[in-house]
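So that you can tell them apart, the chains are marked A, B, C, D and E in the order they are listed, and the count of residues begins at 1 in each.
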Amino acid sequence: MLTLKDVTVRLGGVRILRNVDLKIEKSSTVALIGANGAGKTTTLRTIMGLTEMTGQIEFDGAVLSKVAPSRRPGLGIGYAAEDRRLFSGFTVEENIKMPGQVAGYSDADLAAKMERVYEILPELKEMAKRPAGAVSGGQGKMVALGRALVIGSKLIMLDEPFQGLAPALAHKYADALRKLRNRDREVTLIITESNPDLLRKFAERTLVIERGEIREARSHITTG
Amino acid sequence: MTSILSKRWLLVFIVALLIVAPIVAPSTQVLLTLALAKSLAVLGVIVLLQAGQVSFGHALFFAIAAYGAAFLGRSMGGGEILLNLVLGVVAASAVALIVGLFIVRYRHIFFGMLNLAASMIFYSFLEKFYYITGGSDGLSVPRPTVLGMALERAEFEWILFYGALLLVLGALALTHRFLTSPLGQMMRAIKTNEVRLEYLGVSSRRVLLAGYVLSAALCGLGGALMATAQGIVTPEYAWWIRSGEFVFIAILGGAGSVNGALVGALAYEFVKNYAAAFAADIWQLVLGTVLLVVILFAPNGIVGLSQRLGNGRSEKEEAGQ
Amino acid sequence: MNVQLFALAIVDGVSYAALVFLVAVGLTLIFGVLRVLNVAHGSFYAIGAYTTASVGGAIFAAGFSPWLAFPLMIVAAVLVGTLIGGPIEKFLLSRIYHLEDVLQILVTFAVFLILEDFQRLVWGVQPLFEATALNQLGTVTVFGITYTAYQLIFLPVVAVLVLVGLRLGLRRTLTGRLITAVTEDREAAITIGIDAEKVYLITFIVGASLAALGGALASATTSVVPGMGADMIVLSFAVVATAGLGQIEGAAITALMIGLGRSFAVYVWPEMQVLVPYLIMFGVLLVRPQGLFGGIEARKI
Amino acid sequence: MLKTILNTTTALAFLTTAAFAEETPAEVKIGITAFLSGPASVFGEPAKAAAEMIIADMNANGGIGGVPVSATFIDEGAGGEALLSEYRRLVESEGVDAMFASISSGNCTKIGPLAEDLKVLNIMWDCGTQTIFEENDFRYSFRTQANATPEMLSTLLYLLRTKPDFKTIAVVNQDYAWGRDSWAIFSAALQQLKPDAQVVAEFFPKFGSPDFSTEISRLQALRPDVILSTSWGGDLDTFVRQASQRGLTNTSTLVLPLGESSLERLGDALPAGHIVGARGDHYFLHPEKINDPAFVAFVDAFTEKTGDVPTYPVFHVSQALAALKGAYEKAIADNGGEWPSDEQVIDALEGLTFAGLGREVTIREDHQGVEDQLLGTTIRVDGYDFALLDNMMMFDGEPITTPVDQVSSEWLQTLTPAFIDSVPVDTFQHNN
Amino acid sequence: MSETVLLQAKDLEIRFGGVIAASGINIEIMEHKNLAIIGPNGAGKTTFLNMCTGYLKPHAGKIFFDGEDVTGIAPRKLVRKGVARAFQIPQLFTEHTVLENMLMAGAAQARNWAPLTRIDRIAQRGEMVHMLEMIKCAHLADRLVSELPEGQRKLIDIALALALKPRLLFMDEPTSGVASSEKFEVLEIISGALQESKVTAVFVEHDMGIVERFADEVAVWNRGQVLFRGAPDDILKHPDVIRDVIGEEL
């Protein structure tokens, strides 16, 4: 499904990812854990084409690293960045719809996708008409997830989704992910997190990133 | 160590060339004097570039000093070259202190634009108040005495040229010293992190103001020298294209390096004059193309280029001066 | 100053403001999206004027309907924006977005120098004048003073149409939304599939076309001469900085302020006329450092 | 010590140049400064084209004393430093025999002292400021045409003779030295010759202003009888067009001392009945030359080459070339047929009379040329799609030029209304 | 140890737009007692630091340092009074070397602006090198900051603050960029440097292990308020704290 081969990324002369080789199976849920600055975000950004890299990335039978960054979402990849990155001048609904409009979905298609989003994240419906700049940080994470769902028919990548969420909201967010899991079995899910305990029950597979290298977690690490 | 050697060598080579130039090719003497005067102004722009700020209005200080020299010379019936230069520096610094108090609150585009606006106001003033400033025809600057001696043109120009060369070398050395001082280092710190500077207990505005006044003083020295060498001052001294020219030369020479001011100014005058002489119709086109090529292919300017060719110095070392 | 002169000053100020706005709004649009302050913008203004005046002169001499003057302006503006602006963005600017501000400005400065000579090589140095469009619309008398309908009515109407059109276009059309999205967050826009490079190109073409349209409209009222772009660019900078970088409505209001200030100066204190834009700029920035409509970007620590 | 070395070098350099001077050279080299870029290139480009044509013609007819002439051009638009250093380069490195400088009065002011230092013949071929020879005593510089004082004075005389009853006048001039100086001369003379005339507005819009709408609105409200504008190039074109579009040309008489250089471009924007001058007796339908086949042939050839009719800078450059040729020929004659030294050529210029495309010009002992002044009133004629001149007057240059050793600003104060009719004038109508 | 109140916050309040980021914050910071601030993201911890160090001006309330009212005064003035700060995202001069960064701090501390004297003659070079040794970074002295990994930058960020010889040091998540296996080691280094410099520290921290080991006191933040304050052992076992701050598994 998704394969990274010998991927190296440098930022300002520092190697953030070092010769990463990685294979992620279809329909799996993968947790990518590691400390701040270890390279979690860079890994996702590299898959989205936002960094200068060497090596090769394959996705769904195509060489992803040769696809222009802006054409990658169209392959069915949804991505929610750690800091939400909503377009504050548009309403919540416009934000969520936008990737679909860009990809040229038909009206019916888009309506169906929106249906799916609201089914998984019913709380978005209530704030659909509010400007995205006016929702709170936690709600914004929900909107970002919704936006990733619209386009992410094959792969959804969430960068630190629980960071900064109040516990109550975090539970809602986790519920939404479970619903998604149950509804669309074939979607692959990659979630990064700095607190390894949070995803313990959730992920089928845990990868640890440290000093720019990714390895399988031997067991679930606990704090202390 | 080799890198420092190569840098010194470049400078020594150019200075040696300059020393013999008026003897070997007398017609280049005035051109070179003007290039030296400009290199002082460019040095001023480079000081600000250390802080990551670019002024599209430093011709203001160049012009203030130039007009200062003109007024002084006219009111004294000739004037004295040392007075011209001192007055130029003082006038430019004083105005920079006042304008600077306002402008150092701004950064980047706004900094550039406000400087542009300030210089355009002065430019408009020079054009508009004809009975004071001579309008667009400007004012003539009488040939001043040198240490009290009245000289013929040829002698005067010799002294002006070698004097200018000494001034430029002195200014290069002083600026270099300044940049290694705490203020100079903090100028460079403004470029990367003003928040931290504040949290070291330092006012970044005051640091920038110090650099601003120094840069204006250098422009003033250049302007007064230029006015004295040219024998005339016109509002064109304050025109925004001239400010752009200073920035252009700074980049051409290599913005990270004070020596770039001299190298850039010489290269620029050379290109501009020969373009104007041999391609009168398209000299702007030639100049623009040179600039594009420099930015796209040698963004560290001539000094950077010579270092890269010289010994394959890595870029990060250059950033450290 | 009596009421009549007051009214006249307003009328004069508005028609001048309309032209200034058209040029400045293109500049601010390009800055808002590309974050590049385009010094060559004045060149598009000049080339738009030259193209309209020279082509217009040729087709009217050949006996075509004088009403063609109006569509000609639009065609000329779009052609200049696309054929000259397009390649500049695609082959030059697109390579310098990662560079420092200074270098970006200098690149556009270099383009400006090159285009200045380009104009001379193509159109020579003799002033061109082509007022067919203006003459078609006749004159209007206000308070006993004759105005051309072109300046009194047509130019302000075009400016308002452009303002409203840009606003609606950015809010209501998909392309406009994409531009808005890229303006706010280029990277986020890419991650939802927006081709930011294309958006940059389109924006630059639109901005350059607006400058060229300003020139095309001006060509009916003024002589097209070498150096006309240099003056316009400095004025547009003042408008854009005063308004706040990237602010479209702000550019309209600032252009109006400058237009009115300038015409009142002619009535009250002509010596101040050229200083008005800069004095307004300093005055505004003294009170609001980010410009009339600009927002403050705080550093996250 | 240094001073001695310097002196020796300079002296040596001087000796070497002097030694070559009297051998017949392979060619007479001249350098011509003119605006080839910027707004004033409307003057520089036609002058350059004309100079090339005239020089080719001269060379085809034996050049100067059998020696061909070659010209190099310098762009005044490239800025002061480039101009001065290029000027020096031509003199010092290329060994140019004479320099023609320049269009801009500011540049003439800069170059005058330089020419003295370089000891090179410098013909001020187009610049107009009257102060040059009033404030300086140059040996090496000469002006082969009139200056601002006779140009403005003749304009005022024409106005007073054709429209003696006007009451109010306004001025719209470019805001730079020429615009200011020309108005100072005109208004000083107006004070003396018609003290009851009222100046109702003085506008000095900035040089290169794209829009005069506000000024025109005010002028419409003020309704002056006469509007003077000494503007030129795009500024004048824009002003006249906007004035005519808004009907200002119906209510006020325009007086345009440099209007001749814009006539063709203005086309039908300039209606009949307005006063136009030409900075001398310069007009492509010069009433005394219109039947001279050489003149007509030149005008036709020029129009053929450039697409435009010749305007005053063309006449000015022709005068400068004629003066140079005349001076050399006179010096050769004085030198017993031998090739003259530079200094002999310079001596020959004083008192020289020569003719370019227009009437004869004489160089006075203060090196100022005395040139007659032609003005006319616009008229629309079939066959031309732009205005021509009618009711032309050619004023004798001598009485309207500030006398030697006097300063214009003071001399103008001595004029009285009787002066108006004392100046000899020839009058011509269109179609003679 | 004496019980001097070094910094006192009284009824601090601040809003962003309509959102209240701090309301009625009252807290006293004792000299020589290291205080850890914990709480969920968005609780207003960094906002509190920003107010105490002059980056933000509270809309209401007062801040006293050493008994003096310092509410709303600029960071650089507070620094000169003895309040220094280290940042969550290290704030360094990236185009300078590590030593040059330190020298600037030294020169700032010396307040000598001689424009033509080299900075290393003004700053106490030896002292600065010593500080780098204290944080085990002396070997990096000539490296450009932009080349260093986040963890080392955080240490240098703290060293810069210590070079100012403050009495009170605020640290925003000192271990956030540090790999979990190295956190303790890093904190040991910092703690050693703090002790040697006799500086009181206030630090925001998410890792409860670190808090337990290095804090003398803990204050719990939530929704712009101080909920609890006390000894680490008591606070970290409080059920409300566990529920709202430390969090459970999802």
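Heads up, the rule we're going with is that contacts are C-beta pairs under 8 Å (C-beta built on N, C-alpha and C of every residue); 3 or more make two chains touch, one makes a residue touch a chain.
In this text, all values refer to a predicted model and were calculated from it rather than measured experimentally.
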Contact-graph separation of chain A and chain B, given in steps at minimum: 2
Those chains which touch chain D and also touch chain A: C
Of C-D and A-E, pair with higher C-beta contact tally: C-D
Greatest separation from chain C - chain, by CA centre: E
Chain located farthest away, centre of chain B as origin (C-alpha): A
Inter-chain centre distance, chain B versus chain D - centres from mean C-alpha coordinates, in Å: 37
Whole-Å gap separating chain C and chain E, where each centre is the average of the chain's CA atoms: 49
Whole-Å gap separating chain B and chain E, where each centre is the average of the chain's CA atoms: 43
Euclidean distance of C-alpha centroids - chain A vs chain C, Å: 42
Residues within chain A bordering two or more other chains: 13
Sites on chain C at which at least two other chains make contact: 120, 274, 301
For chain E, residues that touch 2 or more chains besides their own: 55, 87, 91, 146-147
Complex contact set, residues of chain C against chain B: 37, 39, 92, 95-96, 99-103, 105-107, 109-114, 116-118, 120-121, 230, 234, 237-238, 241, 245, 271, 274-275, 278-279, 281-282, 285-286, 289, 299, 301
Parts of chain A lying in touch with chain E, wherever the complex brings them together: 12-14, 34-38, 136-138, 162-167, 170-171, 174, 195, 197-202, 210-211, 221, 223-224
Chain B residues within the chain C interface of the complex: 49, 52, 54, 56, 102, 105-106, 108-110, 112-114, 116-118, 120-121, 124-125, 127-129, 195, 240-241, 244, 247-248, 251, 255, 281-285, 287-289, 291-292, 295-296, 299
Of all residues in chain E, those that touch chain B in their complex: 53, 55, 74-77, 79-80, 84-85, 87, 91-97, 100, 103-105, 107-109, 111-119, 122-123, 144, 146-147, 160-161, 164
Residues of chain E that touch chain A when the two form their complex: 19, 40-42, 146-151, 176-181, 207-209, 243-244, 247-250
